[in-house]
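Chain IDs A, B and C follow the sequence of writing; residue 1 opens each chain.
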Amino acid sequence: MYLALVSVKATRMSKELRDNIFQQLDELVLIDPHTHINALDPASHNLADILGYHYYTELSHSAGMPKSRIEQPGLDPKEKVGRLIENFGPIDNTIQYSWFIEMAQRLFGFEGDTVTKDNWEGLYDSASEQMAADDWTDTVFAKSKLESVFLTNDFDDPLEGFDTKKYIPCLRTDDLVFHLCKPEVRERLENATDLEVGSAAQLREAIGKLFAHFKANNVKACAISLPPSFTPTQVSDARADTAVAHLCQDGPEASDSDKAAAANFVFWTLAEFCVEFDLPFDLMIGVNRGVYADGVFQGQDLYDSRVSLIQYQEVLNAFPQVTFPISVLASVTNQELVSYSWIFPNVVANGHWWYSNTPAFIEQDTAARLEAIPRTKQIGYYSDMYKMEFALPKFAMYKRILAKVLSERFVIDRNWSEEKAIELGLQVLRGNVETIFSM
Amino acid sequence: MYLALVSVKATRMSKELRDNIFQQLDELVLIDPHTHINALDPASHNLADILGYHYYTELSHSAGMPKSRIEQPGLDPKEKVGRLIENFGPIDNTIQYSWFIEMAQRLFGFEGDTVTKDNWEGLYDSASEQMAADDWTDTVFAKSKLESVFLTNDFDDPLEGFDTKKYIPCLRTDDLVFHLCKPEVRERLENATDLEVGSAAQLREAIGKLFAHFKANNVKACAISLPPSFTPTQVSDARADTAVAHLCQDGPEASDSDKAAAANFVFWTLAEFCVEFDLPFDLMIGVNRGVYADGVFQGQDLYDSRVSLIQYQEVLNAFPQVTFPISVLASVTNQELVSYSWIFPNVVANGHWWYSNTPAFIEQDTAARLEAIPRTKQIGYYSDMYKMEFALPKFAMYKRILAKVLSERFVIDRNWSEEKAIELGLQVLRGNVETIFSM
Amino acid sequence: MYLALVSVKATRMSKELRDNIFQQLDELVLIDPHTHINALDPASHNLADILGYHYYTELSHSAGMPKSRIEQPGLDPKEKVGRLIENFGPIDNTIQYSWFIEMAQRLFGFEGDTVTKDNWEGLYDSASEQMAADDWTDTVFAKSKLESVFLTNDFDDPLEGFDTKKYIPCLRTDDLVFHLCKPEVRERLENATDLEVGSAAQLREAIGKLFAHFKANNVKACAISLPPSFTPTQVSDARADTAVAHLCQDGPEASDSDKAAAANFVFWTLAEFCVEFDLPFDLMIGVNRGVYADGVFQGQDLYDSRVSLIQYQEVLNAFPQVTFPISVLASVTNQELVSYSWIFPNVVANGHWWYSNTPAFIEQDTAARLEAIPRTKQIGYYSDMYKMEFALPKFAMYKRILAKVLSERFVIDRNWSEEKAIELGLQVLRGNVETIFSM
């Protein structure tokens, strides 16, 4: 009996312990610090909204489904769902598939383990019915234990018609930095600000006006995604003037040098306004757009993992007053993120982005962060979702891995108490979101 | 008692579960999708054939054995084996040493755990006797549960004298792409095809003839290993013509630019014929040849891990009809392989190559693949062996790791049933080899 | 009952097994093959000496403590300790914090788990009292089970006043290779050697004299830390002459080309003297100095993980007689280190350096090394410490991880006996230090 007890104790130190920590973490009500939710239409209306998420369309396409079957113009939502589900066999191993199942079970009351050609219609209809309820969005918030979500707003978003305490604006700036050569972008900027933008000074003024508008509407972060080649540097106003003038004149035909100078100028200007408006600047580093040109919608981007945070040395030194929550696309950059967060007061490690948002990478990356970055300087997770229903399974995945890492690497390896481990988990899940984004 | 049962259950969820999954996977008869087997002499004749494998000679040399002791001209096989084994102490920790022991135990009935100066002769003699049996090769196939193996054939291999259903041809093309400047390579090509190769058009015709010859002999793949610097791109016929002419004229003294243009032209042409002949094109990416110039035979190659699949963007987009099973040399490229396989329909993750073929890397890489690449698009393992005896211990190593990953990350972490996990294992072990190579 | 026994057995195969292996490893008396100990003042005098270690100041600064509060001129040691400890909340998750607690518990008899504003003064005073004992350094050596430590000596260190058998000299050469343009460096060299250094030949002679001086004082290694951009190559004496002349003439204003030529010449010359004086040459690869310009003392360096050992191909081939114990700064380079150690007889994997000296990276990197590098060619760990008190907790951390890897990956995964696993552990902990550095 003694032996059995020893054994039970040791065993409890693994799976049971992990489950218990998960339960504690799972009690917490969360703020999701990065999503692509449309505040005017946050939740799904049918399963096509859910399975239209690029993870399902791109994996299905990768596994052999022609793009034309997925993106056929005028395709009926139910027909689309049927087509996708009937071809889910080849992707039923993926973690993304498991998100769908967990969501179906916990949000729609689905009772199976797999959705197949034999049972999907029932699920579709039942889900549609539930989503038709007036309070569906509230239900999802409640079931997901979510309090509020950060948005990803176009710079010219009017930010009207929604509660900015629940749907928190975040100023997304990719277009301004990388697409200013496009006439339509400059036009949107001029329309949004009632200002002309033909010079560096005018551009700065217009950007300042955007910040003021966002600030008046509870913005909590400025954000941008960046290609692996980008190395921000300060350019002089004179150089910026020339570059902006050439972009206005030549549009997309402007030289690479002018485009780069303009990008650097706008990026730097954004950081300056982050100082002025006291906003963190989320950097999402590493994506190459349109690598697979014939991919499905949002399923064309990949990356070159040969990127380094040393590229951000100048900007991190220049803006000590700005907090930079940094996300990296590839796990091979995670150690740099750990080290830079450990050294630079203004660098914070932020979530597990996109291609690194799968369990094997999250586990490694989380373990490395929790043991070497100050506990106040890491944001555990964000969902990156387009529709509200995804918060539940994505956060659940993360919390299970967080519980695994806390139990194995803190309680077992380092002899921490369970309580202390849970506290650390709660801080990276929620506490830091509040302090870092001044909620 | 209740506690003990709980504990037993939890424990079973780890090591016992893993062993059980392994047993199930180990029942399967396999096809080995990449080897260097000589179909006319597939198995070993003595232990010198086995310990001549570069892993043993290079590790022994690295641990201090002079190259001259290993590669002494005219060295008697038994003497060579004695020299190597008596110096195995410093490498008995390596996974490669464990392959040798497992092979000795399971193929030759060796009963110890270590081979030393005191017991190697008995093993040598007993092994020689067993290998002398007429049906030794069949015995190895049977004990290894192998049905057939892919070869690595020189482009001018006559493919005669063996059963191409059991020894499946694979057209290896490194020489054509990277060594066309050498007169002997062009001569071999002319001899193999009865064609002159002085222009791009002639070269294309000759390559087409090679494909036709291989296709007539059950070829199932075209293959190549590639240095980290290679970034395939399409060149015009005119540029290719100039390049080929210069290579014919100047040989190895031709300019780097001409060599690169010719390499690109040949590579592109191979891909075109893969379309025409409906063949997958195995890309083995990342090796630098001859880095350690004084190394033993086949023990001189290393790599620069700074390579990216973005270098293959153009070719992957240009040939959607060709399946590219991709192997990467360094584990730091594995996440890119996962992501590219998840996005590109024509990319397949293929095995664990060379310096990544050790347990710590296999485990990480396998975990990342199984959870994010469609299950139909990953080939679990190939042996890369030169002699048939290595399939057994190498596949056994892989299957143990696969069982570990399936039990820990699918059954325990994701609550999969054992049966479902085993099914996934069987598919990546064999099913996908059949579908991907149209067996 | 049978089930319970099975379970106990399986359980013992994990945590108990690991603990038992740790106990065995922990018995061993060690030699620390790389530290920054000052032989004339090896141990601390108060907790400010300990918490002045850059890990604590840089993490505290990163977590929000102003540099001016940490590095205030004339700050009283006790006041400094109070300031740091009272701000330790945000870093109490880090492994570095755990070093401090373990040291306090095991060296100073501290009985808590956390040091807070309420208990730090007692600890401070008690520690000061203990450190004031005449035999404190001996006590630390004894409690840490350390026999001797390698130093990091400036090239002009007189090496006088200490026992070079206990404090083993190591010739550190960063200044000579990378800072020869500075007049003060050349002056120190001239003073140390009584030689002028205006030409390549003179420089070589001076360096030879340094080696002779160090050799006469029991030096056991030459060492250097290297930026990621460095790619050593041999330059001609003529080129070196020009470069040295320009450096002497222009100082820090000399051209980058001349600085690089001089660096290459000195580096190559060091390797030549390592042959002559039969010394290993420790290469610590990958650090960028001063990345965070406003960081605290020693808390400004970071890295670009895009570095490859292929950059060392030429030197590794040119000096087969020199053993190069190599440390890499980022774990993404660890696989290259494994592969290069497995192929090159003169490459040895050395410890877990700086930003890779945290459990998650040590565990991965150790696992990969133990299974693929000859067991004679890996040095498990060095402390890198500045004050003697750190050996105990740092080596303890490493030994726990080593025990974990040995139990999980050798005893459990590969069915090794516990004894055999422990032997491997002991060899990488101590045996190899003796053989590699010819102790």
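Basically, contacts are C-beta pairs under 8 Å (C-beta built on N, C-alpha and C of every residue); 3 or more make two chains touch, one makes a residue touch a chain.
Quick caveat, the model's predicted, so the values are computed rather than measured.
**Q** Is the structure still one piece when subunit B is ignored, or which groups does it split into?
**A** So the chains, subunit B excluded, remain one piece.
**Q** Copies subunit A, subunit C: same or different interface, half of numbers shared as the threshold?
**A** Since fewer than half of the residue numbers are used by both chains, the interface counts as different.
**Q** Please work out the Cα centroid separation of subunit A and subunit C, and write it as a whole number of Å.
**A** It comes to 38 Å between the two C-alpha centres.
**Q** Which positions in subunit B are in touch with at least two other chains?
**A** Answer for subunit B, listing residues that touch two or more other chains: 4, 7, 11, 14, 306, 332, 364.
**Q** Give the list of subunit B residues in touch with subunit C in this complex.
**A** Those residues of subunit B that touch subunit C are 4-5, 7-8, 11-12, 14-16, 58-59, 61-64, 90-96, 98, 288, 291-295, 299-300, 302-306, 330-332, 355-356, 358-361, 364, 400, 404.
**Q** Within the complex, which stretch of subunit C touches subunit B?
**A** Going through subunit C, the ones touching subunit B are 3-4, 6-7, 10-11, 13-14, 306, 308-310, 313, 316-317, 320, 332-333, 335-336, 338-345, 364, 367-368, 370-377, 409, 412-414, 424.
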